[in-house]
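Dropping the structures in below, format is structure tokens.
Two complexes, one shared chain (subunit A), two partners (subunit B, subunit C).
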Partner chain A sequence: MEKTRSKTNEKKLGFWKWAIASVIFRLILIYFPQNLNLSSRPEVSTPVTSLRRLAEGYWLKQLSMSPYAGSMYHGSPLLLSVLGPLTAIKIEGQPNHLLCSLVSVIADFICALLIRATGRILQTARGLNLKFLGLDTMLEDIEIMPSGDIAALVYLWNPFTIFTCVGFNTSPVENLFVVLSLYGASAGIVPLAAFGWVIASHLSLYPVVLVIPVILLLGYCPDTPPRKLFLQRDLQKTGAEGSTKNHVQHRPLTNKPTEATFFWWRVILFFMWASIWIAYVLILCAISVKEYGGLPEMFKRTYGFILTVKDLSPNIGVLWYFFAEVFDFFRNFFLIVFHVNILFMILPLAIRLNHRPCFLAFVYLAISSMLKSYPSVGDSALYLGLMALFVNELAEMQFSFFLFCGYVGVSLLSPVMHNLWIWRGTGNANFYYATAMVYACFQIILVVESVNAMLNHDRKIRKLCTTTEG
Partner chain B sequence: MDSSFKSTTLISIFLLFFCNAIPSIAFGSSSTATTMHTNNWAVLVCTSRFWFNYRHMANTLSLYRTVKRLGIPDERIILMLADDMACNARNKYPAQVFNNENHRLNLYGDNVEVDYRGYEVTVENFLRVLTGRHETAVPRSKRLLSDEGSHILLYMTGHGGDEFLKFQDSEELQSHDLADAVKQMKEKRRFKELLIMVDTCQASTLFSQLQSPGVLAIGSSMKGENSYSHHLDSDVGVSVVDRFTFYTLAFFERLNMYDNASLSSLFNSYNSNLLMSTAYYRTDLYGRLLEEVPVTNFFGSVMETIHTDSPYRAFSVKYSKSKAEISLDQSDEVEQRRLKISDVPQELIDSNITDKHATCPVTRIWNAILGRIEMMKELDSLVNYGLILMFLIVTGSSWFSS
Partner chain C sequence: MAEDKPKPRPIIRIGLFLISHSLLVSVVCCTAGVLSLLLLPVLGKNTYISENALMPGSARPMLSNDDVSEGERFMNQILRFDTMNTGMEIPEMITAHIMDLGGEVSHHKFLPQFNKFHPLHFFLGPDAGTIPENYSCSSYGINTVGIIRAPRGDGKEAIVLVTPYNSLKITRAEALSLGIAYALFSLLAQVTWLSKDIVWLAADSRHGEYTAVASWLRDYHTASFGDLKHSEICAASNLSKMETMHNSFRHAGTMAAALVIKVTNRSTEFEKDALTIYAEASNGQMPNLDLINIVNYLAVHAQGYRVKVEKIWSLLNVWWLKSLGQLIEMLGKLAGSLNPQWNFGIPVSEYVECTATLASSLYNQALGVPTGPHGAFRDYQVDAITMEISPKFSSSLNNRQYEILLHVGRLVEGVVRSVNNLLEKFHQSFFLYLLTSPSRFVSVGVYMIAFALLVAPLPLVAASLFSDATKSNPDAEEDKSASKPASTLQPAPTFTSWKWLYAAKQVLVVHLWSAIVTLLPYFVDQIPDSSPTTKLSIWIVLSIITLLFLDSFSGSSFPSTIRSRDTEWILLKSVTVAATFIGLCLMSVINFATAEIGALFLVPMCLTAVPLRLDNKVNTLRALIRGACNVIFIFVGFPVTVFFVLKGALEGFDNMRFGDFWNWAESLWAWNSATYIYMCMVHLPCWVLCIQTLLHRF
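On to the complex of A and B.
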């Protein structure tokens, strides 16, 4: 125990060193000329996250025109009010949009801290659960890694995150709110969770599916082994020892009762806060766009744009090529197919993984970032960071090296194919779409294998439980 | 019975009179007094084909050159040439068209934009240009896109006769057709004033059927008279210009864009001895005195420019405001009328809101809030305050909950 504690202490000092180093690295990259042209790359900036489009929308608003005119800006009017003035300020001798880049860096840093805090909560919950199940030996045998620190460092030093941060995006802000909602839910701070969820789904539509993991986090507690193990343990304990002494002993250690109860009151409180935030945000948006067509126009231009995929410029997703080729008659059908694909996954995964809501959130984010209409590397950065929260459980994941090489390969090949197609003219759209499909395949393998590994981990715990009993 | 029948016929006759009177009253109310002259258009038509009608081409091109020199841009000139003399196989000077035997001026130099050429110059296309009834595929450069503030110069030359003008040696434009087209143009408010200039034989019969107000017409000869060519160019081999057009050009060559020679000086410059015909003009439909009308009202294009100091003033107009802040001295009426037309949707929306005013108390409260918010000019600062308040609530509530 002391060894692990000292190890965690070491890792803790290491964390701050590495975190500040990553911030300095980002600041250095910002001062490179023209930000290495990252903002013009399709992998980094999409029609819904590009800061250049936000600057255009802000300029249109300053001229008393609708910020959505000309189909450039497709984001939230509140983001326009916050980030818009920052894009307009130019400081002498500093690179353009310095303030926006600083906002991205700060958002990344806060996101990393929140991931770390979430990881800590998960780790203490995990320790308590295993102790309650009598698997204390597992804690000592296997080296437990501080998943929070590792996840935060993975998030900060992931090249995808760095590109997104330096590349003039609003993705860092969106990722921040997603992680904020997850942190609030795992820490039990209901208004924060509701706020994060509402803002995240307001900024980009897809985090709305995270309502289910957030409710499960608030209702039950953060990730536990399957709950029937607790029931078995409980029964087994009362059966074998027949005294309440152990219960009393165990109860102060665990924060939850022995039955798997669902905290309905927290969920109701969550819905109440969520409706308050939704009303607040909608009122602010309505005031903001009152003169330009009101809320229906805003919905049409933001969520309607995301759902109907009007802009078919190439990106690392799978929708653009499809819709460039398909007949107009079938367009709606295929739109429904692609989006329902995300929705279909929600229920089965929720049923199977309802005892691990954080992991469920990671799986939802991975699936939605694969099938969303305008994906970018910022989405991958988010779910890769969240995946690192589960290093202890996913330590025995199959194909991990293959996936790592695959990700590296695709992220190197995809810009090459894009260059061949667009700039040199020696390739065509099929080259680039092939890399997009390969990327989607790798993401699928990642999701499948990680779920597999998590379920194997649960089976292992159950086997250990039954063996220790018997 | 008889008396009742008589009374009904009298009543029906009165009604017919009123029905005829109302449109003319409408004409009168929408007469030239209320709209402002905003742009000039020129429709220059040469209707003759074949090499020996070189002079008609030269007439039209000379007038095209004059009109362009005095300021009308190509976008507002419709040039219809029925044949190509410049690249004709019999032209000794390829790609060059002269209107004088001294060959001083090449009318077909650079920058000639012919809109209707060759066999496209038909009576049907000509009437379509005038009335604006085109098929959807016709490009904008071939349309007469005039509006109620336009002065149009319509110049036609070719072979004509008593109440007709010959097109392409195969069809005719009759004076009734022209009068009908002009009447349609007036109905559709496609011009404010129209000057018709015809250089053919018996030219003034062509506009004898005109009845629309605001039309001024001049022809090179009267009924029974021929219009003659001016001189023969022995080098090119054909007559290169007609007399009427030659003396018109002689008048205009002395002018530049800023001269304000009047139409009466132009019309009085025609000497019937030199023309060998009587240049007859018709002013009964035209309300103004010819001494007060400068020739650049039709033959040139002098745009009034308004100097503003600050840029982007146009962008300070908000959708909700119905008054433009652009100040034009004379065009207030027209601008306001145009703005009011464009503001009708806004007013409809407002009236919808006020209609709901009576129905639901919630919407009434909402409208009251909106009204109060509108009085706060700075909506943006309101949104900013709202955002700051939101963050404060978040931090406060999460502090209390944790």
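On to the complex of A and C.
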């Protein structure tokens, strides 16, 4: 019965058709990259993610020099060993970096599939929860979007993702590991979640904050309405068992674990696995950078580079201009201020949204992509894809049209301003930085409005619960 | 939730207020926008030298009579080569003379570049062009480059003088410009104050002046020697021994400024010799205003020239412009009598002249095609202008060579001396401005107001339409559900706030189509032996076919579940208006003039578009007028009609052919003008979407 209903309500999207079309589209773009020259765009590749820098680091390593010499490469040594050989192989008559681009395409595709699987899990959880709350009659009237399919397609067809994929950088791989950890956590596969989290944090540092959503996902279950509702419901049911007999019988007790319990053992297991993976990664790194100063040097050149904002070349973030202007003796202070900004928001958000860990992960990713030191459109691609997982919940989001126009406008205006500043010389840095600030504002509005819409959705569910009981 | 709605924040309240009065606001803003555009000549400021280091005219000109007679002798020598065989005589002679003066010489050989269509050229900067397959050695153009190393400089900066001449058939005027450059060169080879190298480029304009300068600049900046291997083949055949000596490419430093010196035989109608300044480079870029200022300052005050910039002559006799000028003059006088500090009024004749100049400035910038060889410099961030000297009324060049040589030589010497004083590259003055006369300009801060007023209604109207469309349905639903007993479940609204996605999809499809239309000429152009008329017809037919195909492919835009087909067009219009707003704002950054002219067409067209059937249903006078306006705007808004109407208005309707539009569009894309992309990717889709709105079925 469950299945038939979901079939009638869900719309067919033709997922595979569109997914394969997107892959073909990417392959075509990879084959004609010379006109686009995306790999040198500041919006697409940053000092941390650029594959050209990785190729340089690999070259240095081949010459038995430290890959971090000359402040060119700032990524992980593991990535260097995996992707490095691919940058050096040149197939006759084919564009350079063809193999690396293929890796990006594959990473994007797998990432989309994982998003889709996560969406499925979230959707079944949602259906079960609503049913348990006695709101399943509501389901019959509403059109439910297959959020997994939509999110995967949004991720695949987002121009940001496509540009990132074609633009020779490591963002698709980093995004893949972030999504992998979220998938592992929501599916309850602890080792996978730990693996994804460790690798993603190792590659780009900022996913470290995802530890909270991952723990919540493992400890509780995927996103639910507020837990208080279940408690109330349980109390009522035990109180008035006779009157709601039919309801109780229909309730699939076995499917629903007792609410509000926290699976400590899974979390402990997660930490065990995470420490195993961390040890593993560190040992591998230590082996590969043994001759070049060892792990301290690696930490300094990768995480240190990210945290101290050494490279002030323009990007779409808000930090470069600020640190280019700030006096040197305030620099450390403001570095702390900016990074603590991300950390400040973690705890309040975790408390407020603890019943929706996946959504919490989206919010964290959006905030860190706004405040990180070298952001690129690849980060936006990731959180926009994850946002589409919540289409059903965010159906009433405000300003969606305004935000859409804003994103389109900024992403077109930013290259033009860059051109005006760098190539024509008629503009200056302020022109470009203005678009970066506008972009940050739109991201803030997006986060605020989506959180607002989610809380409103929860409020509505609570209201519906009380009305049905009355 | 509906009952305890919190009071919105003040900024949102202001927004809501503006949105609810969008009709009034948009009418007021549009009118104000057009009016402030007409007021721009009045608001123009007098130019001033912004960079103190320039100090124009602070030194006495050193160009002596000896130098001038040297130049005249040189010129007569050139004119003696009456019959040209190889086109090598003049370069050789220039080489010999420069060597005598102690300068360095090199020859730069180039082939004509065929302009290719690079839709993304704007973002990528100048690139190396392709060399045609079949060339012959005799088709080489040969630029002669002479360099004086500055005695007080470090060789890091240079000033470029360009004198284009046709090596196949040199005219007296071109010879005179070479003579001027030579006289200057002989002076500058001796002076002690030079701190920037002087580069004299005698550009061979047999393939066009622009091509010669552009190919030299490309090789100067890319240091690629693409032509060299071809020239080696030819070296044995037709270059003399002396030639091969000077084949290596010589560099000076980065260019601080460049002056293109041209002399024409056309005499002006004025009592003084005239100097016409051409400044517009590709995509409406202008050189720094200081460069124009010093040329203007020295020409007017030191040499007694009359300085002109281009103007649209046909505007000088337009009656409504004159009466507007009278009105402004009257208002200015009135204001002056009230408070002597308010002296904004300008005389009628000056107003009309300023307007004609402003219109020409706008037109040339909007076209995005450089007005002379100086345009090639701007691609490398070098400020450059073309100075065209024409002798005064009823005199020809023949008997006044000496005088012109002396005056122009001293003028250029003064400019070189000023630029020589610069410590940094030009940055002090404006890059974004419109000229209303050689000594008056409208800066970006002023002309942006006109544009901003014109486009301000677009986001407002988009927002108001959007809120109309989203409110109309769910309100009814919510009222119903509120009236229902609470026990029945209120169904969650089905994605009302995302309904615009369907309209966005439709707009996206049309924009996709426009991208295809933009690229089509590239393929149409490959068809051999076809007239512009057939090419244009093929282009139009193919475009229509693609549009129909894409329309049927994308299917019905709105799903049947959304029954409210009357809100459909409102959403469509809202998204169209938003897309147009983004496009216009983007274009105003790339090329302001295009955006301004485009906004004059697009804004009224977008804002008034309402389905004709709706007007038919209502059938009042207001609806009738609105419908008529819509049809007129749509008719006028089609790029082809715009072109023919403007061309007819400026040049007369007599000899107009259908294929002219193709030629025009081809010239735009050959010059990589952003105007072409604007026309195809902003203007055209907006026009199509407006038609779709007009023909909307309920």
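As a convention for this text, the second predicted complex is superposed on the first by the 439 of 470 C-alpha atoms of A that agree within 3 Å, B and C clash if a C-alpha of one lies under 4 Å from a C-alpha of the other, contacts with A are read in each partner's own complex, and residues count from 1 in each chain.
Convention: a residue touches a chain if its C-beta (ideal position, glycine included) is under 8 Å from a C-beta of that chain, and two chains touch if they have at least 3 such contacts.
Just so it is clear, the model here is predicted, and its values are computed rather than measured.
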| item | value |
| --- | --- |
| Overlay on subunit A: subunit C relative to subunit B, clash or fit | fit |
| Which superposed partner A:Asn456 touches (first subunit B, second subunit C, both, neither) | second |
| Touched partner set for A:Gln232, first subunit B, second subunit C, both or neither | neither |
| Touched partner set for A:Asn354, first subunit B, second subunit C, both or neither | neither |
| Partner chain(s) touched by A:Thr308 [first = subunit B, second = subunit C, both, neither] | neither |
| If touched residues of subunit A are counted for subunit B and for subunit C, the larger one | C |
| Contacts of A:Asn419 with subunit B and subunit C, given as first, second, both or neither | second |
| Inter-centroid angle subunit B-subunit A-subunit C after superposition on A [Cα, multiple of 10°] | 70 |
| First, second, both or neither for A:Ile287, with subunit B first and subunit C second | first |
| Least Cα gap, in Å, left between subunit B and subunit C after the two complexes are fitted on chain A | 13 |
| Shared subunit A surface residues [contacts with subunit B and with subunit C] | none |
| Of all residues in subunit A, those that touch subunit B in their complex | 63-65, 77-78, 81-82, 184, 187-192, 195, 273, 277, 280-281, 283-284, 287-288, 290-292 |
| Residues of subunit C that touch subunit A when the two form their complex | 1, 120, 122-125, 285, 381, 431-432, 463, 466, 486-487, 489-498, 500, 504, 561, 574-575, 578, 582, 585-586, 589-590 |
| Subunit A to subunit C touching residues, read off their complex | 35-37, 135, 137-138, 141-143, 145, 391, 395-398, 400-402, 404-405, 408-409, 412-413, 415-417, 419-420, 423-426, 456, 459-460, 463-464, 467-468, 470 |
| Of subunit B, residues touching subunit A in the complex | 312, 315-320, 370, 373, 379-380, 382-384, 386-387, 390, 393-394, 397-398, 401-402 |
